[in-house]
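Alright, structures below, take your time with them.
Below are two complexes that have subunit A in common, paired first with subunit B and then with subunit C.
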Partner chain A sequence: MNSINDRSRDIGEFKSMPDDDMLICRCEEITKGEIRKAVHDGMWTLTEIRRYLRTGMGLCQGQTCSKLVKGIVARELGISPAELEPATSRVPMRPIEMKVFANEAEKLKEAN
Partner chain B sequence: MNRYDLIIVGAGPSGLSAAIEAAKRGMKVVVFDENEKPGGQLFKQIHKFFGSKEHRAKVRGFVIGQQLLDEADEVGVEVVLNATVIGLYQDKEVVVKIGDEVIHYKGDSIIIATGAAENMVTFPGWTLPGVIGAGAAQTMMNLHGVKPGQRVLMLGSGNVGLVVSFQLMQCGCEVVALVDAAPRVGGYGVHAAKVARTGVPFYLSHTIVKAEGDNKVTGVTIAQVDSSFKFIPGTEKHFEVDTICLAVGLSPMSQLLKMAGCEMEDNPKRGGQVPICDEYGRTSIAGIFVAGDVSGIEEASSAMIEGRMAGVVAAEYLGYVRAEEMEAELSVLDNALDGLRQGMFAPKNRGKEIAKTEEGIDISKNLLLHGFVGDDEIERFPGVTHKVGVHPVMECTQNIPCNPCQDACKKGCISIGANITSLPIVVDNSQCINCGMCVASCSGQAIFLVDEDCGDGTATVTLPYEFLPLPEVGAKGKGLGRNGQIVCDAQVVSVKSAKAFDKTNLLTIRVPKEYAMKARFFKAV
Partner chain C sequence: MKNTAEVIIIGGGIIGCAVAYYLAKRGVTDVIVLEGSDHIGNGGSSRNGGGVRQSGRDVRELPLVMYGIKNLWPNLSEELQVACEYHQDGNLRLGKTEKHREILTKLANNAKGVGLDVRMIDGDEVRQINPYLSDEVICASWCPTDGHANPLTTTLGYYKMARKMGVRFISGEPVKELRLIKGRIRQVITPNSIYEGESVLVAAGLDSREILTTVGIDIPMTNSLLECLVTEAQPHMFDQMLGTAEADFYGHQTKHGSFVFGGSSGLERYNKDNGMVSNSSKTAPCICRGIMKYFPNLANAKIVRTWAGWMDASADGVPAIGKVEEINGLYVACAFNGHGFGIAPAVGEQLAKLITTDTTDIDLYDLRYDRYKAKI
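Moving on, here comes the complex of A and B:
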């Protein structure tokens, strides 16, 4: 079994660190401590971390913090960042206003 | 649904090159780019490129960008700007946001050439206004004409950090220090040397402890790190700056490929998440190709060749060229790419410490540790010779694929030979006519014309100069050594700005003759 998914593995207690209040995801204002804590809460994949904390779901869509979050989670799990699968990529790749999507619906309505 | 033979995402060097090759072969091609201007990073590159003629060497990046756009236009490529591709589906449906609308396109083939995004590092204060990426600094300066700050500290000594430091100075900023946690300068020695000789100190094995300031950056503290990158107490140094520039690498923007279902891998050698693809950019999905940094971080010259490869391969995929024709074309491109992937900085040598040049000469230690070749080291390189009268002194000390200097000299004074990475040599019994073409043609600004003894106790040194204001003839100042320290008094005796020099001005300074081989920059006082 892949060690990353072996949730029974002991990763030790959460220990607070002096730089835990450092912002990592700027868009959603999530700190290093919150990300580390989330790992100890059982969020062992980047997708889980994202759903749990909203890291990488803000304006820049993870352009800045993805690599940073990956590094923090990997260190907490004691594995190499390359072993962590990146979070799912899905549409829209860039933040987009709902009215833009709504415009498409309007157009379709007109066409019909 | 709008249909195209080929949809390309990204109008940078690789995307445009791919578009040109495909359209030339009769394909109906559209290129989408989310930016308001095409060219990717090319229009931010104001320095002359390395390479050989076929790689458009000694042409400035933004000029190459314009050439590509013109070519694309000629062959009928449609380039759509402010067009953000928000989705790519497995059946090659591309969803694009243009203006206030989402538009669906279908491509019979797709080339993803989305490039890369800058990496960030964290330290206390890294979110303060004034901490910016080197790419952001370039965008501000070279696209929008905005000076990023007054006093800047640069983190990162790779080519991006070095090139952007130089551009910051050209734009009128003061670069107070160039810092890198690595123990050696990462970029080309010639890029480092042209920064160091202006007086910028290099701090290798150092990194940022913290950025200071309440609402914006007002200062920065750096400290030395040991071999496991831990701070060494007591080595802190403080600088008053308003800007901290980060040039700490790039990551491929490969999310669209993952979304489409291409097989991906995490490959640190290529910079992160990249699609698994063959050498011509074929991904695991037939008809989806990649080119440029998105499939592995390199640089613009190789991205252009990769783009051309992907364009040809896409054309063959849809039957616009025969397989034999494609093979012939690819073997030419293979050679061109191979030519770029040579020398000390070739991808295969990444991370290796190279102690000797191909010629067997010890690499300058000072260059790797401090950014400049020491006065006691420079004489061992073949481009540095002594002669009576004006002669070229080529301070080119690392094997990089670049050879415009040998074509620049019409008198045949300079030779690199068939091997493009060889260090330039001064040809015996050749006669330098002091035309200055070699000085202006060297993308690394590493060639000087020196008259070591003018007969009156002085010497003259002609150096490449790309700063404003241009000193006037007669201006008095100081000669700076390779390390950027003042070595002697100097007076400007000539300033040449010819069209053939392509905006590299040639400044000739007169110095006491004992400094002929030491003074390498001029500072007005």
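Moving on, here comes the complex of A and C:
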């Protein structure tokens, strides 16, 4: 948390790799190459990667790909995956229909 | 690395990133942006509903946002080389009662007064524009030049380009104090370092107040919670930005197909949040109930994610933007009151011009930081 991160640190040039077109986030169809490029665009935290590319923003909310994304980003930055904080998990735990979610309160009498 | 720069920007949100980008575009790349959290764009910049609208705004901020929509938004994706997903397909602000009609008519008339094309339409005309709206909607204000965009890619797009052009960004550096040297702003102090700049811009959202207090400037603002939710991708339905007179929800359908809706429960001020920015279990269901009254056929759409964010609410509901007269070299841009996203490109461009040339194209006098006065 709150560790100083100078985004001008040199992480080298982006070099394309033979497996860059491998799908990593299946829900949003994001490839390994896109994730690696995003790191070179300056997205150095998993939260930034997620907001920039939509990895982990689909139906599974990252339950499938978040570890893979973490590994790719860490390798690109030359740091240990343990140094990267996971993106925040968000309510609800599973996708839920609006009409069901709305049942949180008893139906009010006509308010207007 | 050196800790001095021509300009130091406090706050790596969309305002800070946009000012950095437009400074670099003007040839000023000796700029350091200090972000307090671990992530660029981590406050309101990534948590808002994506509105790029003029209608419903206070007349004091209209000239800026109208300037941005005319001159900056149309080419922003090309300029930043990201998909900003900007749509200019109009804003419907919906009403269900006569009281709503009154509120909307007043807002529309104010905006017309400064030259904005916005007019009242009745329920049938509303449903011609958006056939999915329920019969409960009896009127709306319609502003055809309003729209929406993607706050995440736009904010990070400004960051990406500014960084590429040579601006230095440092995250995890929360600013605690400003210090004058020889009567002029000079030092920016964090728990770990002292940075020095010729000019300093404070664009740190809510935290701006505490930072500015250290040099005797106080902008009366407080926090106000905003919550949003997003659905799974749906078939394409409509491209307008939506709001309501009652402010029970607002939102749009994104390029991705999901719907992003924001709203409130009315209990925000009394949430038990333990000082963290977090969702209340009451709010998202409340937003859902609001949405279903307007869009009955979204009842089966699944919510996949919810989030919350702080708005920096000022005493009179509009931002403080410009030069601090009594401290040479100090500038502010804060208190955007939850509608800072759409106006951000214009603020960024004009502040970069102000810092480099001491002039602006849009008069910022009505948004000056010291306008707040007691009522008597």
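Quick notes
Just so we're on the same page, the second predicted complex is superposed on the first by the 97 of 112 C-alpha atoms of A that agree within 3 Å, B and C clash if a C-alpha of one lies under 4 Å from a C-alpha of the other, contacts with A are read in each partner's own complex, and residues count from 1 in each chain.
One rule holds in what follows: a residue touches a chain if its C-beta (ideal position, glycine included) is under 8 Å from a C-beta of that chain, and two chains touch if they have at least 3 such contacts.
Since the structure is predicted, the reported quantities are computational estimates derived from the model, not experimental observations.
Once the two complexes are laid over each other on the shared chain, residue contacts for A:Ile96 go to subunit B and to subunit C alike.
In the overlay built on the shared chain, the residue A:Ala82 is in contact with subunit B alone; subunit C does not reach it. In the superposed pair of complexes, A:Gly42 makes contact with subunit C only, with no contact to subunit B.
Once the two complexes are overlaid on the shared chain, A:Asp6 sits against subunit C while remaining clear of subunit B.
By the touch criterion defined above, A:Glu104 reaches both subunit B and subunit C. By the document's definition of touching, neither partner reaches A:Asp20: not subunit B, not subunit C. In the superposition on chain A, A:Met57 makes contact with subunit C only, while subunit B stays out of contact range. Where the contact sets of subunit A with subunit B and with subunit C meet, they give residues 88, 90-92, 96, 99, 101, 103-104. Contact residues on subunit A toward subunit B in their complex (touch as defined above): 19, 22-24, 26, 32, 63-68, 81-84, 86, 88-94, 96, 99-101, 103-104, 107.
Only residues 1, 36-42, 46, 82, 96-97, 152-153, 155-156, 159-160, 163-164, 168-174, 192, 231-232, 256, 279, 281-282, 284-286, 288-289, 291-292, 298-307 of subunit C touch subunit A when the two sit together in their complex. Interface residues of subunit B facing subunit A in the complex, by the touch rule stated above, are 34, 84-87, 95, 97, 100-102, 117, 119-120, 122, 124, 126-127, 251, 253, 255-256, 258-259, 264, 266-268, 272-273.
Contacts from subunit A toward subunit C in the complex involve residues 1-8, 41-43, 45, 47-48, 51-52, 54, 57-59, 61, 85, 88, 90-92, 95-99, 101-105, 112.
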